[in-house]
Amino acid sequence: MNKAKLIKRFKEVRDFSLEISSFLSDEDHQIQSMENASPVKWHLAHTTWFFETLILVAFDDSYKLFNAMMNSLYNSYYNSLGKLFPRSKRGLVTKPTLKEIIRYRKYVDEKALAFFEKTPLEGRLKYLLLLGLNHEQQHQELMLTDIKHGLFFNPLYPSLNISAVKVPEEQKPPNRQSSNRQSSGWLSVDEGVYHVGAEPDEDFYYDNEGPKHKVYLNSFKIADQVVTNGEYLAFMEKGGYDDALLWLSEGWDYLKKTKRKHPLYWVKQDNEWHQYTLSGLKKINPSDCLSHVNYYEASAYANWLGCRLPTEAEWEVAAKKTLSGDDPSDLEGNFAEKKTWQPHLEDSFQFFGNAWEWTSSAYSPYPGFKAEAGAVGEYNGKFMCNQYVLKGGSCATPKSHIRASYRNFFSAPSEWQFTSIRLCKVE
Amino acid sequence: MNKAKLIKRFKEVRDFSLEISSFLSDEDHQIQSMENASPVKWHLAHTTWFFETLILVAFDDSYKLFNAMMNSLYNSYYNSLGKLFPRSKRGLVTKPTLKEIIRYRKYVDEKALAFFEKTPLEGRLKYLLLLGLNHEQQHQELMLTDIKHGLFFNPLYPSLNISAVKVPEEQKPPNRQSSNRQSSGWLSVDEGVYHVGAEPDEDFYYDNEGPKHKVYLNSFKIADQVVTNGEYLAFMEKGGYDDALLWLSEGWDYLKKTKRKHPLYWVKQDNEWHQYTLSGLKKINPSDCLSHVNYYEASAYANWLGCRLPTEAEWEVAAKKTLSGDDPSDLEGNFAEKKTWQPHLEDSFQFFGNAWEWTSSAYSPYPGFKAEAGAVGEYNGKFMCNQYVLKGGSCATPKSHIRASYRNFFSAPSEWQFTSIRLCKVE
Amino acid sequence: MNKAKLIKRFKEVRDFSLEISSFLSDEDHQIQSMENASPVKWHLAHTTWFFETLILVAFDDSYKLFNAMMNSLYNSYYNSLGKLFPRSKRGLVTKPTLKEIIRYRKYVDEKALAFFEKTPLEGRLKYLLLLGLNHEQQHQELMLTDIKHGLFFNPLYPSLNISAVKVPEEQKPPNRQSSNRQSSGWLSVDEGVYHVGAEPDEDFYYDNEGPKHKVYLNSFKIADQVVTNGEYLAFMEKGGYDDALLWLSEGWDYLKKTKRKHPLYWVKQDNEWHQYTLSGLKKINPSDCLSHVNYYEASAYANWLGCRLPTEAEWEVAAKKTLSGDDPSDLEGNFAEKKTWQPHLEDSFQFFGNAWEWTSSAYSPYPGFKAEAGAVGEYNGKFMCNQYVLKGGSCATPKSHIRASYRNFFSAPSEWQFTSIRLCKVE
Amino acid sequence: MNKAKLIKRFKEVRDFSLEISSFLSDEDHQIQSMENASPVKWHLAHTTWFFETLILVAFDDSYKLFNAMMNSLYNSYYNSLGKLFPRSKRGLVTKPTLKEIIRYRKYVDEKALAFFEKTPLEGRLKYLLLLGLNHEQQHQELMLTDIKHGLFFNPLYPSLNISAVKVPEEQKPPNRQSSNRQSSGWLSVDEGVYHVGAEPDEDFYYDNEGPKHKVYLNSFKIADQVVTNGEYLAFMEKGGYDDALLWLSEGWDYLKKTKRKHPLYWVKQDNEWHQYTLSGLKKINPSDCLSHVNYYEASAYANWLGCRLPTEAEWEVAAKKTLSGDDPSDLEGNFAEKKTWQPHLEDSFQFFGNAWEWTSSAYSPYPGFKAEAGAVGEYNGKFMCNQYVLKGGSCATPKSHIRASYRNFFSAPSEWQFTSIRLCKVE
């Protein structure tokens, strides 16, 4: 990527955060509904802090800090940098106000752009700039999922002023029904040695996506579509949540503790299932892509059909097969830029967008993986414990952020992300 | 109180809530730092809901609800009315916005004033109006203590735009030192039968203040002033927090669990003790009234000096003696209207204002107490368990809200209220 | 009490602990079902440690410790003596074995008796000996209630080899029915000043029972019998556990958290209510004295009938009236020596035995109370916080342990003691 | 394995449980120190219940239950069979007594042996018999680790009457020092496709060890010995527990929460490190095999040396290389039968015995794995979530129980098992 393109991308990414912010009131920006979520205001400041600290402070000798306290407030999990403000209290920081944070963004953007004009964007600097942009895109996804989680507690089920997903009345999923799922709609992959991991000549990839390496796969079949709301509803109605034999032991404990019998955001009103979306509470559309299931639910659903979840290598090998040859990075799908911020049914053979797909692979280092030294090295490696890999991106993922080799990761009970299920089976 | 006075009081009380609100940003109104605290926005709406539901809906046939959902959102602990929104999630309700809540207040105030004009304010209606006003004054105190608790988590220790307490450099506490506390500065009360409780002809008192009844008191001595920061600091410096024998068993467990060695809001910076106030972080003034101690701390401090806390009857009998004869309800002191919102030293013999004083009396019904039937009856009686009575009001209490018979109550570990210590001893 | 009597009492009390122990297996002695309970083995050792430390070590220069580690293992809450072994882990200490603890008891008893022979039992020594005996009697009650709690978790509902309470088929409660409870069976006490607290010339009383002092009581009526199982069952069947207005706020939270709808130890089998007793699971006898209710249940039941619980002063004044003149300390009733270890109906006007009676009085110091200095002073004063006073003793209380002035105390949710309800009302 | 050998093995395995039991008092058998541990008494009964239910009840029509309640008490996690007694309360079940459980064992053993005499031990029956024996051996290991954990809470650090590990004064680890660990003592394995998993013709293996399948491995080096106490002590002394960058994020949180700075069972006395063993508290021997580290500690230690943990496939491929050709199942090592029940240094190239070795592999199904239907199928598959695979067995593992393909699994914070570290590195 050349300098002009990098600068253009910088502006686009920084603007998209403000566009998300524009749908929210000052008060919406403030709330934090759980330790795993952060206020949107915090995301806006934290992504800015990243550019300020790792680029401007590090490379631009003439740079003057906007305000020294931003570092302690908007640093995140980087244990190696400064003293940490407790994560669970982020929602209490009302000052600086949103207006001051917007000024902080503007200040850093102006300084950064001025600095980029006079400096070659190469080497370590280029890498950190791309890292900062990808980092901000990750937080754009979290802005959407975190605010969704916070607003859900409001009994009014408030809607953002976005255009809701439009689902034509007559729409039907093409060529599939839960009844024939077992006999059709499967892609086959042959036994053999395959490569997985990021191509070394990509403009950017996270350290956890490399090194590219060989794996041995047995032959398998993988579904050409993700599970729909209607298919999952059948599982619910046939007692899926009551049959201990279908569930991982931890998952069964989770059900006992939470008394849950349906995915997060599903609400029964007037005897009909609805789901909370960023456009408000909507009737379930059976043909739409399921979302907001945790790993336990994904595993139990697969067991119920005598199937299993794919490993991350299986998913990646199959997904790459579906990409048209010319530019594998030009992915089509329901991504964040469409601003539906809600999964819906797309055409078949769609591995990207809509909702992240749980794999059965624990998040662990690829052979030969080395974490970077210092703060940047804290980015990924330290989370390689009790997390599962998810693939493919979601309706809250910016399109330019995702790749076939991308490894997202969340703990098994996580469900506030847009997450879904793709089935796999032997032979 | 006649109609004109009642209406004047209604306007004054309603306006004072908005005046407190005016010191805060939209985001400040939103935060909730613990289950015991509520967002200021919630207080503004909840006090309005009280007038709407218990007066307008109940008495004015022509009244139309502002918005039906206000009832489920801004009802509080009244189990008998409607379904309850979980208290701990109040901070997540961003909609209705602050602007809408201000409109709600205006709507209810207009309707109420129009209704008052055409209706005699007597009997049950008058009682409920006075109850509503006193209820709102209680919440005014909570607005101040709750926002103080929320802002304290901010490492910037933000200040409201109020005029800070002014303490002249040369100020000295009149006629007292911790060294001679034991031999001077004590009021004596003789053994005998005394009356306690509200006078039946008061304009208003809470049901828990009656019936007026007789108690038998042994003779006792009670301090003519509350404990100062400097006196308490001596207790800290002489190892008070490390001597298990001084503490209630529950209090010692509390110290072990919280690792606390000082009152809430005390912060050591550059080796000097400061305290967080609504004017920001300030150096401790040794002559000022101590505040924000819990019952355990109050009890341990009294033990350390071989003293004890007064019972509520002892406090009330002693306090009434200090009131000048003509109008015992015309109290002088550091109350909320002064807008310092921080205790400081006042003249001697001051039993009212500054900070609530812990008594050793568990909160329990007076002989002959009967809770009212229905929702209003939930107001006080149901809390008569594991709470202690506090007397005298604080710098966050509106002056017209407090009486000698007033019984405030909080659980032993509570410390986010302005609370202090007055010593007592046998003969 | 003269020396011969003291020595006789020492032998009797020490033997009774072993008699309780004789009903249990080695394994029964080991278990601890909650932090508030202790293994019976621990009780046997701890009561011995008390005599060893506070009498033999303190007064007998020739005494040699049985084994130094007994102090750290069998000390209890005395923060001022030695380092404390965590209370919740007492059930894990398998060594010393029960046999060694029995040897420890024998050793200390022999040394103590030899010492008593050659020493005048007067003054401080006499006081500590009586304190030690009363202390052991308190632990005898806990041995019974703690093992009952532990065995209850066993789905077999095991029985000790004691003779079960015998209830003749035809037994009927004399002169009372729940229907006429409101109009008969009440004792009246007139308004006036009364004395409460221990007589100064008693052989022994706990420091918390004094000083004897005056209280002013309004006139009241108090039930001549405690509540029966049948009366309480009516409360349950008429929805008492579902009506929030009857319950203290804390009590209602307790019900929500525990999902309880009946007293501890009540078990429904084959559609009939049973209760767990130390003779195994037995059908509820409606005429028997209710037991194992907590303060919340006692308060809600009283509210349901428009009554209230007595204060401790009311209870004591009324109870003393029922005692026959000659020797008020010669109490009749169902006490621990009868070895039924289960309450049952006794004749009317019975204020002692069967089950402790909740009062509405928070446990607090009497006017003029001074805790003793040092470890013995930790005995009572430090628990004067969030506890309620109970009066009258139970079927697990040794007869010689109880007095009208005796103040037992437990926290509101406590229910593993034999606890019951006596109603009170105005006028 | 033929019938005679099977019967012999049945007797040996059943006897070894009783031998472990013989070192303990009745009270030792009763205690349960945490939810993950069970009383030894429970293990003795539960392993018997397994044979009774899955063999005698299922196959022997003439069998009469010893006592029906054994099923509800001694069933374990099998959600599909009967109602479950809560795991955390196992330590409270004093009846049946130990004596009755020994009678239960004897009864079932006699019936089983009589049944085996007259029945061909083949097919499903043979499989379940072997499953039952392996199941009992697993519980033998837990008897040792669970009682060790329980006894550790006793401040006396009690010892079993076993012969303690003897470590000759002059013993030195052969050919290794922490200083040259980086340059010597490594086994090399070449890149390529390898087989892992149990051989299909083994007499017995758990379902989770199959199917045997191919994996692609990059070349790697693996340490020829596990980490010693002395090597780990260097990590501690050089601040390993204080450097956040070395730790997994979850591990760092664990350190903050537990305030741990050393492995479980390490105790500093008189300024010297000791460790609790089943022979009591012993000084650390620097040459001995480290044990009782959790996954976080294993991972941080490896990071500190710039190494990593092996994957389970790497471990298995390397371990198989070290086995002498003739009978790979004839493993040498420090196993449970030696009754040291404490790891110590053995000769080099030792992959089996002493302590389980953490791998970096999350416990997940092998390609083509199918859980069995019904209760037996609950054995392994349902735990494939947030657990890590450990290899090689320990000093508490019976020798005939372990294989190179054996997959043990525990959650990352587990440390009450004998667990240790073997390093791995690239190239």
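A, B, C and D label the chains in the order they appear, each numbered from 1.
The rule is simple: a residue touches a chain if its C-beta (ideal position, glycine included) is under 8 Å from a C-beta of that chain, and two chains touch if they have at least 3 such contacts.
None of the values given here were measured: they were computed from a predicted structure.
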> Chains in contact with chain C and with chain D: which ones?
Replying inline: none
>> As a multiple of 5 degrees, what angle does the CA superposition of chain A onto its copy chain B give?
In response: 180
> Going by the average position of its CA atoms, which chain sits the greatest distance from chain D?
Replying inline: B
> At what distance in angstrom does the C-alpha mean of chain B lie from that of chain A?
Replying inline: 47
> Roughly how many whole angstrom separate the Cα centroids of chain B and chain D?
Replying inline: 59
>> Measuring centre to centre with CA averages, how many angstrom lie between chain A and chain D?
In response: 38
> What residues in chain D touch two or more of the other chains?
Replying inline: none
> What topology does the chain touch graph have (line, ring, star, complete, other)?
Replying inline: ring
>> With touch defined as at the top, which chains are paired up in contact here?
In response: A-B, A-D, B-C, C-D
> Residues of chain A touching chain D in their complex?
Replying inline: 77, 79-80, 193, 213-218, 220, 244-245, 247-252, 295-296, 299, 308, 360-362, 364-365, 367-368, 377-378, 382-386, 412, 426
>> Could you list, by residue number, the parts of chain B that touch chain A in their complex?
In response: 25-31, 33, 41, 69, 72-73, 85, 89, 91-95, 97-98, 150-151, 153-156, 158
